[in-house]
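Going by the order they are written in, the chains are A, B, C, D, E, F, G and H; count residues from 1 in each one.
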């Protein structure tokens, strides 16, 4: 029985007045802080910790939102895109991952799945985006295997890790410049590949556009793409898929 | 034991001569037709039917490739991006899906999973791309639920199908123009969403660029994107994820 | 009292069973034709005729949708983006506006307002888009004043119609190439201006991009923009504003 | 009788000499400050306060222009795009709205209309642009209803405010990233919607281009668009439309 | 004494009634054909023949406009962008220049200046655009010197014509692909250079964008640019400059 | 007789040895400073002062080049794109124009022509680019008439200066945002118009791209365009044309 | 002794008159056919056959140019970008390569070098561009090794040809879509790689832009790029490099 | 005999155990430093010094990688894209080239070839990119001839160096703005030309895009292109080609 069906039944049975029912339907599961409307029920609804997108919010705003989330039962709050300066101003207790620019308040979730998410980067400069993906995936309860600096110009570095590729349930490929790593990994792997173009590069990389287009045009099957530098999005999507693998 | 380990062992045990081993390592699991090098072992390697990308190949070339694949044991051969004119010239027995522009030679695979892939479109014009995704997913052994013409400008059409959204294991959203459907569905669903921008639209849709950018920038978590009009890629990726759900 | 409040009350009073209420809430005011889900209540909800976007639909599909709309009480059905070839195949009785590429089934609405919508074009080639706007606005019950070929390179043509500009309640400016007309009219007028860039031009007009950017950057206040060649959108928006003027 | 007709009559009647008439026709209703030619009669001509676009002007220039406008009878002068550093240097008495980056010299106009302008944002980061629109609209004599952080990824936050949407005479939607909010609100509302893309986002948002294209391609009717981050333009246009509603 | 001064004086002296003066001021020097408002006085105002931009007009419309212009005293009417199919349908007597896609009705003007306009092209494919410029310039009474296929990859072809370059009063450079010819000629010449990018090329020429950008970035002084393929615009501008040379 | 003809004759007459002739032909009229090869004869060849493009050169390099030019007889050296910091480090005596970011070493040339170059800007923010054009034109011996802040949104400001427009021999239009001023002035004037798009604006002005495209697509005849913010190029071109007017 | 030195000497020694010397200097080594200025000495100057770029030239023009080249001693004339329709109209004897769209008049040059040019393609659809490169290289006297359909999604196809890669003196990589093949081959090879992006693909391949950007951003050293679909340019450049290898 | 053939033989002959062989095949010739996987055998494999791309790495990371490379026998380590601030923090002994932003640790290689690489720039501002190419080529054992500031607007500067052009075995052309120098040099030279667009310029140079497109569209044969500002890539490619010339 859905919530709404139950509510209707309660109204019919006189347990709930019509006015209260309307109110209840109207009252959204979020609280209005004026500048933000944090979703207090998302953890329940989606089975994952609440996430605060830190960019464009000051420390006080982040604290306020995190407080309300924790008061409402969130066990873990992930704060993304927060640099070390603002992080230093946070009042709420947290753990900070400097490469990933992520702060985590509350308990770190246990690893809830056997499947491994492999995160590969083309170069050293792609590591911050890869770490955003890695810490996100870990905070969502996944095992992560990091495989950094395996760009296609030195193919043997990648091929020598073929078992890592074969053993992964989901793969995240993080690469800037020509973004070719996604296609090569996509061709080698049986697992779904989530490609993250990065803004690493110069000149005709056009802030990640080159890698983005390259990944969208991948000739390998089983590759999909998220926004430039969107490590969080890739980690979140990979976690969703990985837990799906566990469920059945 | 991997193939290469076994081969080494055979060499050491004298079962295979060094020259034969080198030959065997070199001899790739594909056949060279001159104009194409079809991969004869992919079905085994990836657990899926072989796919022929039909665009830019004539009927004779497609027939030749399909023949060789079937001779090598492929049970199902999917031929994508083939319009009705070329399809009429195919010599190989097949079944044709006109909306999807897909021909399938060999047996249609059984449905091998409980999970359902939901395919939603923003409008009527997005249906051909959606059908490419749907037929691909079906040919890969998935149940598909079609939910067409539920664009965000008439939100009640989408909201009235909330159960379809909640029951899907994977969701494919196909939309042109502003591509907003991906974000809205992504916000409603717990399942991973694969977004397919379409070239439907005119003016500032710039051949699907508007929908592509919109989907890449989705504020909903759990959304990734494939190339404009790439129904096949979405169907393939969704199938990969869906079967992952089944495995564990 | 809103519909939902009324429904709750009916449930509480036993006039409607809980199950029927749920059903009623779920049953969306549209009908599912498979390829399309026409909105049968929009005329009531928005006070305007139903619109069928004709591009990418065949005559049979359009007929089917129009039939259902009329059966549900729509008095006027506007079919846009339908060229003369497809129009000739329509079975449903209608009137065709060839320049505007619009067919109208059902009664032509009466003019329901005193306000005049002025539609100005930069050149002769912009007329089809202007006519799409004009016929749309007329079908929505507005008076339209056409002022064609008054581009800024011959400013006296525009200035000699200053009274038309001053007397309009809403103005639609349709122009390709450099799109300067929107700014000039915006500076002269007190009325809101809706600018429609057209794909008229060549070379660096890039299919209307030049006019689009120009209009978005207008230094005149009170100018907003719709998609390239979107005469319908401009006519619809102008009608909304014009009737607003009437209401109070 | 228009001004020019009256002038002609005066000349014929000898009340005005031909030379004086020529002078009068030539003498524009603005004063030349060298670096700027402020329009001293606009308040009369357009029925609204004078606006100074602050970007690219120093405090002394702004003071000079504002002085002259007030000397000529302007009751309210709106200074837009002025950051707090330059604002601190203004000599002219004013009130400063820091989020909106707007300074207002002179009296704040009374609210002159019953209609409400609803301003909705997708996220917290869009608030500065929304405030530019809100303060502009208020300075032009409108009631404003703020509805912030109601992005489409959490649709229930928006849907729980359906009455705000239904009760607005004009709606401004401010959103970056994928800009989907404009289409969703456009589909729910009967009022004209002015969409403001913002440069909020990263990667493939390309400084607001993604939201801009998305909004231009909106599948909802009754949506038009202004420049990226152009809160002022949206507020001004909304006010024009809102007062139109009052006039009749 | 300007027209308006004279009119004022006439009114004061009773020679013209106030009403007639207003009428005269209002009556624009053009006639309204509905679909077009041809400028009947431009020949007088700008000292050049009237031009009809043929693209997007049918033969009947062109005939109607040309008729009215000739009735009003135009001696030469230039019809541009008219292909041979539509040209064959013209009723008005004319001479057709097939390469230039220009038809000329009325008398061909005499050459009214000593100065020579040099028109150089990079390749053979640029000739149609060059001819549009050449015929336009000739119809406006200029001597034209054609120097075709002198692209920079074979510099000696250009350098062997140094006297042509030195003797020209104005130079038009027509080039597609990399558009380098404009800079090289600009460096060699003392005369103003008008550069016309053409859409000749393929791949990364992007329909003339490459040549356009190249010409805009010319490191040579004295180079300005018109739209891609805009031979008419270049010929017109060159004629204006050339006659200026004559005047003093 | 050209230089080369004279040289040949000298060789034949034994006045110049073959080796000396070859040397003379090879020896270019510039000196190699290693980092730069200033053109010492350009003043003679093109009849104008030497110009040093200051961007990307340090003060010492500029001094070195200017020294050599003056030693070789240059009377005036124009140094463009030099900000006040570097200008303060120049050792060579000069006069600095801060708005135009131009330094001039040597004598200011006399005005050598009757013709007037009119320079109009759309707004106050366009003035620096306009001043670069103005100071360049003045340094090249032209009379300049400045007409600033006459954008098309307040058309009467422009129209009240119709005599300035009519009296100019060449017109430079400097405008950012939608760049419509070029078309309006081009329609009003009989003189050639050189349009300079500026990077003034925000959002969809894309750093001047909007104004650039708008100007390239101008529907007015007699308009050509230079690079974004290229005031120098416009001033130089205008001077070339203006002196042409004087020559004949 | 250069030509010019010799000429000077001849003048000094009275063997050549000054006038004749000037004439000789001026007389370029090309003939003016009006629409084209074929370079009659290029074969001597660059050691290669003359090339006629066929696009945009009709059969008669091509015949005329080829005739003159052969009369002047060219032994081989390469005609590129000529489709089968125009090829059928050629009067000059020739051999046609339909995939490459190249016609060759005159003798086919002998292979003049030991080095091998390897040409690899990502897919079957890239073959026409690869053939343009191959036939060009062969016509310029090179051995060519074709390796088609070895895209990175099936890496084993490429790796099984490692000896072909190691043995090539120059490599041409032809690929559309994501263009990743260039980086992978560049990482494997010691030879210089010339990358040719192709317009093969759809959606976000944007006519080859994706592959172009990808190749320009290659993380492998020793990769340079030519225009989209420019097989000829790649073949020509590769031949230049290959013969360089032979020379020393 | 290839490595793999030798290994097989060793296995067959019992010299190497199967397990050791597998290990050996798996063990890649690089070391894993966590953040980077430097290729320790590349010097052997490609016959060139190891290169560290400095951008995005801190001094400690560079030191660590360089140390490991030198320990493994690298005689020369090239560190590119390292500005003077980070260079000052390097612990490893090195020589710094400030213009080129390159540090070289270890011995400078001897010049190993007779051939000369000519490096030409359009202007003074292009020198840093040219120096990156020059120092790279020198570090790879090549003679380099620098020819700076020879842009096409002063063609005599370039033509007076015709012997430098004729004597070069490979040519690198470095130019921003319109990039025309590549085509002009390509037309004059018999040697392969590698074109490097630079981000020098402003406005419509769009960060080097204009020069890039121009060079890709070069009408001269024998021109290929590397990424914007990629001096290293050009120097590396030129060295490869130059040594090829030496080999045979």
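As a working rule, contacts are C-beta pairs under 8 Å (C-beta built on N, C-alpha and C of every residue); 3 or more make two chains touch, one makes a residue touch a chain.
What you see is a predicted model, and the numbers here were worked out from it, not measured in a lab.
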Problem set entry | Touching both chain D and chain F (chains) | C, E
Problem set entry | Fewest hops from chain B to chain F - one hop per pair of touching chains | 2
For this session: Would you kindly state whether over half or under half of the residue numbers at the chain F/chain G interface are used by both copies, giving same or different?
Result: same
Exercise. Whole-Å distance, chain E centre to chain H centre, using C-alpha means?
Worked result: 49
Exercise. Just curious, how far off is chain D from chain A if you go by their C-alpha centres, in Å?
Worked result: 38
For this session: Mind checking the centre-to-centre distance between chain G and chain H? Centres are C-alpha means, answer in whole Å.
Result: 25
For this session: Would you pick out the residues of chain G that each touch at least 2 other chains?
Result: 123, 154, 203-205, 209, 212, 216-217, 221, 227-228
Problem set entry | Pairwise chain contacts, counting only pairs that touch as defined | A-B, A-C, A-D, A-G, A-H, B-C, B-D, B-G, B-H, C-D, C-E, C-F, D-E, D-F, E-F, E-G, E-H, F-G, F-H, G-H
Seminar exercise, completed: Contacts from chain A onto chain D in the complex sit at residues 26-30, 34-37, 39, 42, 53, 55-57, 61, 197, 199, 207-209, 212, 227-230
Seminar exercise, completed: Within their complex, chain E touches chain D through residues 4-5, 8-9, 11-12, 14, 17-19, 21-22, 25
For this session: Show which residues of chain B lie in contact with chain A when the two form their complex.
Result: 45-47, 51, 114-115, 169-170, 190-192, 194, 212, 216-217, 221-228, 232-234, 236-237, 240-241, 244-248
Exercise. Within the complex, which stretch of chain G touches chain A?
Worked result: 122-123, 151-155, 177-180, 182-184, 186-188, 201, 203-206, 209-211, 213-221
Exercise. For chain D, which residues count as touching chain A in their complex?
Worked result: 123-125, 127, 148-150, 154, 156-157, 159-160, 200, 202-205
